[in-house]
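Consider the two complexes below, in which subunit A is the common component and subunit B and subunit C are the respective partners.
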Partner chain A sequence: MNTLILISVLPIVLLYLGLYKAKNALLPVTVIGLLVAAGLAVAEWNSNAQPIYHDMMLFDRFAIAFSVITIVSTILIVLLSKGFFEKISEHVAEYYAIMLFSLAGIIVMVSYYNLTMLFIGIEIMSVSLYILAGIRKRDVASNEAALKYFLMGAFSTGFLLFGIALLYGASGSFNLAAIRDYTLSHPRNIDPMFYTGVLMIIVGLCFKLGAAPFHFWTPDVYEGSPSIITAFMSTVVKTAGIAAFLRLFSACFASIADFWMPVLLVITVVTLFIGNITALYQHSFKRMLAYSSISHAGYLLFAIVALGSGSANSVFMYATAYSIASIIAFGVLILIQQQTGSDDFESFNGLGKSNPFLAVVLTIAMLSLAGIPLTAGFIGKFFMFSGAVSRYHIGLVVVAVINAIISIYYYFKVIIAMYFRNTADRVALAVPGYFGFVLGLSALATILIGIFPGIISDLI
Partner chain B sequence: MTVSILLFLPLIAALAVLLFKNETAKHAALFFSVVELAVAVVFLTKFVPNATTQFAVDYPWMPKLGIYFSAGIDGISMIMVLLNVLLVPIIILASYNHNYKNANTFYALILFMQSAMLVVFTAIDGFLFYVSWEAALIPIYFICAIWGGENRVKVTIKFFIYTFAGSLFMLLAIIYLHIQTPARTYDIHDFYNLSLSVKQQSWVFWAFFLAFAIKMPVFPLHTWQPDTYTESPTAGTMLLSGIMLKMGVYGAIRWMIPIAPLGFDHWQYIVIALAAVGIVYASLIAFNQKDGKRLIAYSSIAHVGLIAAGVFAWSITGVQGALYQSLNHGINVVGMFFVMDIISRRLKTRELNEMGGIAKVAPHFAIAFLIIVLGTVALPLTNGFIGEFLLLNSMYEYNIWLCAFTGLTIIFGAVYMLRMYKKVMQGETNALTILFTDITGTEKLVLGIICVLILVLGIYPNSVMHLSDAAVQNLVQSINQKIFQAGSPSNIKF
Partner chain C sequence: MSTFYFIAFLSIFFSLLVIFAKNPVHSVLYLILTFFTFTIHYILLNAQFLAVVNFIVYMGAIMVLFLFVMMLLNLNKETEPGKHYLAKLAGVIAGGCLLVTLVGSLKAYKLSAPVILHDPNLGLVKNLGKVLFSEFLLPFEISSVLLLSAMVGAVLLAKKEPRATA
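Let's turn to the complex of A and B:
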């Protein structure tokens, strides 16, 4: 709760700092503020949390764990953005502030206990993101990204809102517990309106998550937005999306799983295939990451398809692993873009020789995204597979295995470019200290979680 | 004293080797691998050759999920561990004459791989087995892809995807078995005690089979192998053929068949037929090879096919023969690849037709090469003979026609191997081979060690075979008992 207050106040402070031209203070204040926010969240850790604010929010372990991982990811991304925004525009304070507003929305999304809060959280997050995507005011691609994102996002929010309204119509409440009680007390005669509402909500949330067939906005928006914003969207936002998804479904709809499970099963399979197969054909690393993020949305949905007591931990593990690895990937991409002006695979050629450190951390990130053992990504996949097998979704896991095999090919493309394709004239990149710290820390965390998953595997 | 010292020493050594500069890195790597060998010998002296698992370590890794770091050595593991610790110093020594760029990374990867493979050979926990199985793949991928030949990039990614694909299905099977265990563990003994239906066991069997058959490789899953062997640096090829493919043999003996005995029994005739077809198929292709390294690669498929057939025959002689021949094949194939490496380094070619008469200018080399060839073609008094004899014996017990068919491998092997020897070593010297210099220094040492091993293991097979005797007997009989009790109509042998 204090976390949310702090993260809401922090951007206002930043705006004032911008007003008084204290540019150098922006980054330290943001980072320290976020660290304190994460600390406050951890301090509220307890096993029997009660809903607060007239049952609007619930800061249980689930909410705290996801708050912390999104805050930590944001800190890492903010550190990577040092020097990035200054090049784009003079209004740096605003960017930090908007990003934090978005984070405030995310905190609401992972801790809501009432569907109106879910809606408000998603809107706070999304509106901030529309601005962030179009942050390069004079860049056509950035503008296109913002517009596309806004139109599609508004559309999906409509679905979500419609779904919420239908649920309210059937159950008479926005409260998660009340909705659950409704499903439990009407086992045989649930209103058709309710089912329609559930479907609408699935559509709305899948839009936000970038799951197929509602994924069409992702590649263009990810590619058009500045890389740092893309990193934020594909890690923090996606984590929040799946957390909100899981919270709703495990709290309210567990008893009517027979109804929505086939729908989600199809969505998951389609998402996996579309994400992976399209990623195969990409020449741009950034676009490849966009499509691979679609396939990761598919893996994340596993936890909901195989809804059970372990789902929250699986999602947490997977989202953490995925976020850390993606941050590395985007971090290196930003440096490469600054040097070569391109984000094609070719621009990574020879990196292994000129910048061994960058090449090693990016390799670790790619191995983690591909789910190779001894990295966090493997543990995430392992949890997802275990959950699905324990519910006897063997066919689904076989599909996932096939997709994991396909994904090797495009993740290794960049490793191959870095190490095995040499360009004679490659000059070593200067790696700023912030980048070195973030990338090194993330790579270390990836390996550590991969070897000792126990440190985060049963928090929730 | 637990096995963890043995398992983690190479890992620590790998990190240490990274700190050394290029030239000294290989000395450091050799030093550590010899220390590892010495440690293994200490274990060997304390090892009691009965059916029990010894030096066990059991450390809670993710206890809530039933995952433990549990490993131990029994007779079957012991043979594989010996193979591993024996070959790695030889392989490092064999790379001494190459000046690899970033040598410290190269040797660190070899040692890292050794550690992972040792865990594979000793793991008792299914999760641990899978993780180390994959962990062994990463270093070999980089060894082959960074230091390999011209086409390495395409070839190695194919290799990686192939093997990764197989093992993911194994992971699926392991998770499935885990779900079935009453206490939700990954312990292999709990897997053994499951009573699954024939249908369930068949699925589990095929999932494991895919992983192990790709690794060995068994026909028709071998297509990655010749290219990868040819394009890899010599050390990579040796690691792959000498040790890594034995992971597949070991996995079949330890995991696949005992966990799914009924599934195995149901499909036995098919897998054994695949192995047999592979033997003849690979031999026939080996006839036509003009590239020496490729020829050895195909001959390796044939030899491993026989080992696989012995495992699938699932009798005491078959499994013992497979284990012993795994050790021998490791030694012989490393010798063969080293010989080819010496030749190609001097002549800058591997085309057999361009060679000839080397024996005249390099007599020491000729003797060593001949001994290794004879070991490979299984001449009596060499190590290959004992192994292949046992394997063919088990074929005979299974089916006399199968024995005749698979026995072709010995004839074919003799033909293409001796023909290769003749082409390379005998006849007249030509402009290229006249300048061939005889082996020196480390080359002599490596070939000397390999020749001694070939002869010693050929004359005193029991020095090694007694280690696994009790464990194999126990395992094979208990599994055959299970198949018998299930009332399966086919092929019960005691």
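Let's turn to the complex of A and C:
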């Protein structure tokens, strides 16, 4: 709870700092504030949490772990934004503030214990993101991204809200425990309305997660938004979405898994294929990352298809690996974009010679995203797949392995471009200190988790 | 009871007019009337808060906004894109499916026992306030973050940048 209060107050402090033109204080205050918030969350680790405020929130270990990973990812992204927002506009403080508001919504999303809180959390996050997607006011692509995201997001929120209303109509409560009790006490004759509600909620949450067939907004929005915001959307927001998804389904709908599991199974398979096969045809690195994020949403859904006691752990593992690797990829992309003004694969040509450090960290990130052993991505995929195998979803795992092989092709395209395609006029990029720190730290974490997965694998 | 049937008739009548009106501005005006009949329904159900909210927010704010957008967009017959044959077919199929589902569910459902409210004054503002400020206090407070974020964002997007280059 302290974390949520701090993250809600921090943006207001930032707005005041912006008002008094204290521009240099913005970044340090944000980072320190977020670190304190993460510390406050960790401090409650052993507190044996009970639902608070009339069962509205529950800061259990699940909530704390996902709060911390989203906060840490946000810190890394905020560090990358040094000098980025200044180019767009003078109102830098507001951008940080809105980003942190969005994070406050995310904290609500991972710790809710009542469906009204889920809805409000999703709305806080989404409304802030609609604005962030459109902060390049004079860029048509950015305008398109914001508008498209807004329309699609509003539409999907409608589905979610309708689903929540139907669940309320059937069970008479918004409370997760009460809904679970309803499914347990009516094993035979659950109201058809309840099932419809579950389906509506799946649609709404899959929209937010960017899972196929509700993924159509993803590529355009990710490509049109400024790269920092895309990094935020594809890491922090995706983690929060899957955490909210998992919390709802493991807390409420575990006993009626026979009903929704086939639906999610189909969604997962379709998501994997659409994400990976479309990513093959992309020429732009950023668009490729957008499609790859769709396929990673598919892998994340594995944990819900094979819902069990280990699901939370494997989602945490996978989301961590995916977030860190994506942050590296977007960090390098931002530098490349600043130099060449383009995000095609060709603009990575010769990076291995001119900037060995960038090339190495990006290679680690790509290997991790592809799931090569000794990186965090491999461990994440391993946890997901073993969870699915333990529930006898052998076919699903076969499909996933085929997809992982497909994905290696397009991830290696970047590595090949960096090391084996040379261009004569490549000038070494200047890597600012902040970038070096974030990229190095993330690459180190990727390898560390890949070699010693025990440090975060048994947390929840 | 006769009031209900009269108002229900008016709701259906106006919503049909929304669809059949040629002029989009007339359509919106009929939609406002439709919402007005909904407000009367809420009052008949003793749900005063919903009635007031429906009147102010939907009829007042949202529909007037609709009307402005319609007028600004200057929709008329020339700018309207021609409807494709395939789109019409898809529309008919989708609408037909909906109709079949509705008829099927109506046939499957038996008439339920009339719902009797434990507290006939459930929809009063007083009761809503009590629930909102006790049980649902936290969501109510956190909504403020949502509103603040939206407000800051709206100002940010609407404010003119001093520089021409972006």
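In the analysis below, the second predicted complex is superposed on the first by the 459 of 460 C-alpha atoms of A that agree within 3 Å, B and C clash if a C-alpha of one lies under 4 Å from a C-alpha of the other, contacts with A are read in each partner's own complex, and residues count from 1 in each chain.
By definition in this document, a contact is a pair of C-beta atoms (placed from the backbone, for glycine too) under 8 Å apart; a residue touches a chain by one contact, two chains touch by 3 or more.
Every value quoted in this text rests on a predicted model; they were computed, and no experiment measured them.
In the superposition on chain A, contact of A:32 is made with neither subunit B nor subunit C. More residues of subunit A lie in contact with C than with the other chain of the pair subunit B and subunit C.
In the superposition on chain A, contact of A:428 is made with neither subunit B nor subunit C. By the document's definition of touching, of the two partners only subunit B reaches A:409; subunit C does not.
Looking at the shared chain after the overlay, A:56 reaches subunit C, while subunit B stays out of its contact range. In the superposition on chain A, A:151 makes contact with neither subunit B nor subunit C. In the superposition on chain A, A:455 contacts neither subunit B nor subunit C.
With both structures placed on the common chain, the touch criterion links A:131 to subunit C but leaves subunit B unconnected.
Residue ranges of subunit A in contact with subunit B, taken from their complex: 367, 372-374, 378, 382, 385-386, 389-390, 394, 397-398, 401, 404-405, 408-409, 412, 416, 419-421, 453-454, 457-458. Interface of subunit A with subunit C (complex): residues 8, 11-12, 15, 53-54, 56-57, 88-91, 94-95, 97-98, 101-102, 104-105, 108, 114, 116-117, 120-121, 123-124, 127-128, 130-131, 134-139. The touching residues of subunit C, when paired with subunit A in their complex, are 134-139, 142-143, 145-146, 148-150, 152-157, 159, 161-163, 166.
Against subunit A, the residues of subunit B that register as touching in their complex are 61-62, 64-65, 130-131, 134-135, 138, 142, 145-146, 152-153, 157, 160-161, 164-165, 168-169, 171-172, 175-176, 178-179.
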